[in-house]
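Naming follows writing order (A, B and C), and every chain is counted from residue 1.
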Amino acid sequence: MGTRLGALVERLGGQLVGDANLEVSGIAPLADAGVSHISFLSNSKLRAEALQSKAAALIVSAADDAFIAAGYHGARIVVPNPYVYFARAAQYFESLTAIVPPAGVHASAVVADSAQVAASAHIGARAVIEDGAVIGEHAVIGAGCYVGREAVVGEGTQFFANVTFHARCQIGKRGIIHSGAVIGTDGFGFANEGGVYIKIPQTGRVMIGDDVDIGANTTIDRGALADTIIEDGVKLDNQIQIGHNCHIGAHTAMAGCVGVAGSAKIGKYCTFGGAAMVLGHLTIVDKVHVGSGSMVSRSILEPGQYTGFYPLAKNADWEKSAAIVRNLSAMRDKIRALEKTIKTRTENES
Amino acid sequence: MGTRLGALVERLGGQLVGDANLEVSGIAPLADAGVSHISFLSNSKLRAEALQSKAAALIVSAADDAFIAAGYHGARIVVPNPYVYFARAAQYFESLTAIVPPAGVHASAVVADSAQVAASAHIGARAVIEDGAVIGEHAVIGAGCYVGREAVVGEGTQFFANVTFHARCQIGKRGIIHSGAVIGTDGFGFANEGGVYIKIPQTGRVMIGDDVDIGANTTIDRGALADTIIEDGVKLDNQIQIGHNCHIGAHTAMAGCVGVAGSAKIGKYCTFGGAAMVLGHLTIVDKVHVGSGSMVSRSILEPGQYTGFYPLAKNADWEKSAAIVRNLSAMRDKIRALEKTIKTRTENES
Amino acid sequence: MGTRLGALVERLGGQLVGDANLEVSGIAPLADAGVSHISFLSNSKLRAEALQSKAAALIVSAADDAFIAAGYHGARIVVPNPYVYFARAAQYFESLTAIVPPAGVHASAVVADSAQVAASAHIGARAVIEDGAVIGEHAVIGAGCYVGREAVVGEGTQFFANVTFHARCQIGKRGIIHSGAVIGTDGFGFANEGGVYIKIPQTGRVMIGDDVDIGANTTIDRGALADTIIEDGVKLDNQIQIGHNCHIGAHTAMAGCVGVAGSAKIGKYCTFGGAAMVLGHLTIVDKVHVGSGSMVSRSILEPGQYTGFYPLAKNADWEKSAAIVRNLSAMRDKIRALEKTIKTRTENES
């Protein structure tokens, strides 16, 4: 169930130093790799570990190869970016054993007559596909998923079990939506009349590009009047909430538990650490990196790394520092008084 | 598929200035509105934009109308609260095209013999309704929903696809529960015996009033012995967690990702920004407004606006300020020492 | 539907002072208990309340019994830990009326031929059990649950409705997984190539011990290459996110909305308050207690209680303190300048 090194290099590129007919059974980190594995050196600090790895072959950069070539017993594949090569090699090994869901509609699924399901698509047990929905070639709709009216699922996109994808929303090609995610739920929009909330119908859609991954139990609201937009290559982890009318630029990634309030406009190539929060109607430009647990309360118009969370401390120490934070303006006033006293005395003396 | 202005005003009130027979096809914001749309001016700062809107008609307050009447080309509906009127008008436009799920039980649904389902209710594909559950007139139970034993769903309440509503819980009239929400799960109650947790059965219910909206993937725990209470008109966004035995007062609204620990008692007409957190067993009185990302760690007994989150900064600046926060008591001690030094010198000199 | 006190003591231990034939119908807190209830005194501060309780019998510690024996009208069960005894008694009362789902597979469930379902297990309506899955004796798989290929569910473990439990993951005995939880979703692992994310296949599992409870809509990622591990007795509340390759030690408990990033290693007997966050690749030793809303950004190598959140204040006060926090290094510089000025003056004068 493995592969020859030659076959791997033919498929993924790289310069092979060693026997092209050598068989490797899988990929593993340096420390865990056995004698039938290929491993990878993606961090130069691990050169010593690489030399001691049992792996039959190693994915390595040219810079690191210069150091380990002499001492390493096995074959090497020299590549520009060993970690990316590892990802692709792992995908290849996985493809050798992956069980591809068969084309066709499970007998227990409920598919509307007017839905268009490609012949090569898989519709799992108990899935529901509503009127006018379109499921592309090689798409996989897992067991128990719900696809609403006139929703569109692109070619090769996979929904794991129990995804809810509401009416008229669209996702492009090669996407993944994990279990429990809910796409296209109503946004949180109300007008307040004397304390009582009047619902504003949410009639926009969620429009998702190609190569987008959406994590388990993540929710993305449909737009109020216009659409919520998720551009190509966006990666969202689990338990994320994206409000209505947000726009998330291409290749932006968000870790688990992030929340983005409505109408936020986020650029391309941004990253958000876990549980970061973004208030509504803000603009964040391209290449902004927000740290975990940080609250973005104003627009960020300059690329860079931003953080804001209270530092953890022993509880007793935190209680002291928090009490002072509560009264920081008193502390500032004391400093001003001191400055004034000294200034007065200096003036009096001169 | 639109409506005459006269019909709109007959239904929703307001003073029409213009042709009652003018047809409008839908509602849109000032900037997006086309020549067949009605739009609305809910913020006086946008008066100039209103004058340039292509909209055929405008919803406007008397105060703003005094400014724009002369310059605006189209019809106007003058009302006390344009934003509320917009919400109602949008509801009306939506009702013209909305597809109402048909009365009846889908063939693939599993409904217990002892459940009482009103004739006008809709039970979607693959839904499960357990023994003794009661589903009111015109209620809509979406595809894949689960309604537990003896649960009660009020008249006109809608569950979107894949809602879980557990045994004996109740929701009133005209409510909405969005996909993935879980109502009536066990609260987090344990007794600790030498480090090991012993589960305390959670035998209370979740009792939900009329006109309550609950967002996607929001969870509300059933009470331990007594009930968890959600009063009329409460609006909960997505990904919210409400602990067991909480009591949330009427017309309180919470944005996404809010968490409320067990037995918190929250008043009426409160608002909670996204990701605000409330510790357990606290009391929050009516008309308290808690900012996003703020942790409520003590009871709030006075109405008002409360906030508490660490301000975002460039990462390097945050590192500096966080290091000082960690040692604020050292800074306070230095100030005290300075004060003492100066006081001593002053006394010595006099 | 109640029990004799004698039967309770036979089953759960404790020293009964009073009539063994007295019937009690249920258990309730001191204030709520009626004349047919048993109640419990688990907090010595409530002794006065206990004396006034209507309860027919009281669970009490020896220390408290010395105070209330004379004044309390009813029977007493004297035990080492009244709260633990309450939990066990409540479990017993619940067992008297609980409706145990019947053994067998519901007609609407979809169970693969190669799945092994124990004869005493319950498979609910619309559940899907994939190839090679193993469901243990007396296990309960609720309506709409999904159990993936070769997943293993231990004896007596219960899944509430609409749980997703992915391929090859395992859970031990007597566990509970609440509705909407997703176990074994892909971890968030990518290699970045020129700004574009390349997915790293997630081929590890989630391995869960005995007596583990997992809350509603909680998500646990499968490992990337190795497994994610949840040891015996762990209790996870709702809406928690556990990243890939985490290891959570036995009898650790986490309240709602906690997030743990990938590869964190957490010890035994720890507790995490609601919405606490743990960054990836950290180590937290046994018996660490992290407060609600606190961000763990470094390893914690010493047991104890840790906290870190910004204190809540009236909004105007927060704005002042937050502005100063942003410029704390300026404040520190002023203090240093003052110290220097005074030092210089002192030196000049001497």
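Here, contacts are C-beta pairs under 8 Å (C-beta built on N, C-alpha and C of every residue); 3 or more make two chains touch, one makes a residue touch a chain.
Keep in mind it's a predicted model, so treat the numbers as computed, not measured.
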Rotation angle superposing chain A onto its copy chain B by C-alpha atoms, nearest 5 degrees: 120
Residue-number overlap at the chain A/chain C interface, same or different (half cut): different
Whole-Å separation of chain centres (CA-atom averages), chain A against chain C: 26
Contacts with two or more other chains, residues of chain A listed in rising order: 108, 126, 144, 162, 180, 217, 239, 257, 275, 309-311, 313, 325, 331, 335, 338, 342
Of all residues in chain B, those that touch chain C in their complex: 108, 110, 126, 128, 144, 146, 148-149, 162, 164, 166, 180, 182, 185-186, 188, 190-193, 195-201, 203, 217, 219, 221, 225-226, 239, 241, 243, 257, 259, 261, 275, 277, 279, 290-291, 294-298, 304-311, 313, 317, 320-321, 324-325, 331, 334-335, 338, 341-342
Sites on chain B touched by chain A in the complex: 27-29, 32, 81, 83-84, 86-88, 90-91, 93-94, 99, 106, 108, 124-126, 142-144, 160-162, 176, 178-180, 213, 215-217, 233, 235, 237-239, 251, 253, 255-257, 269, 273-275, 292-293, 309-315, 318-319, 322-323, 325-329, 331-332, 335, 338-339, 342
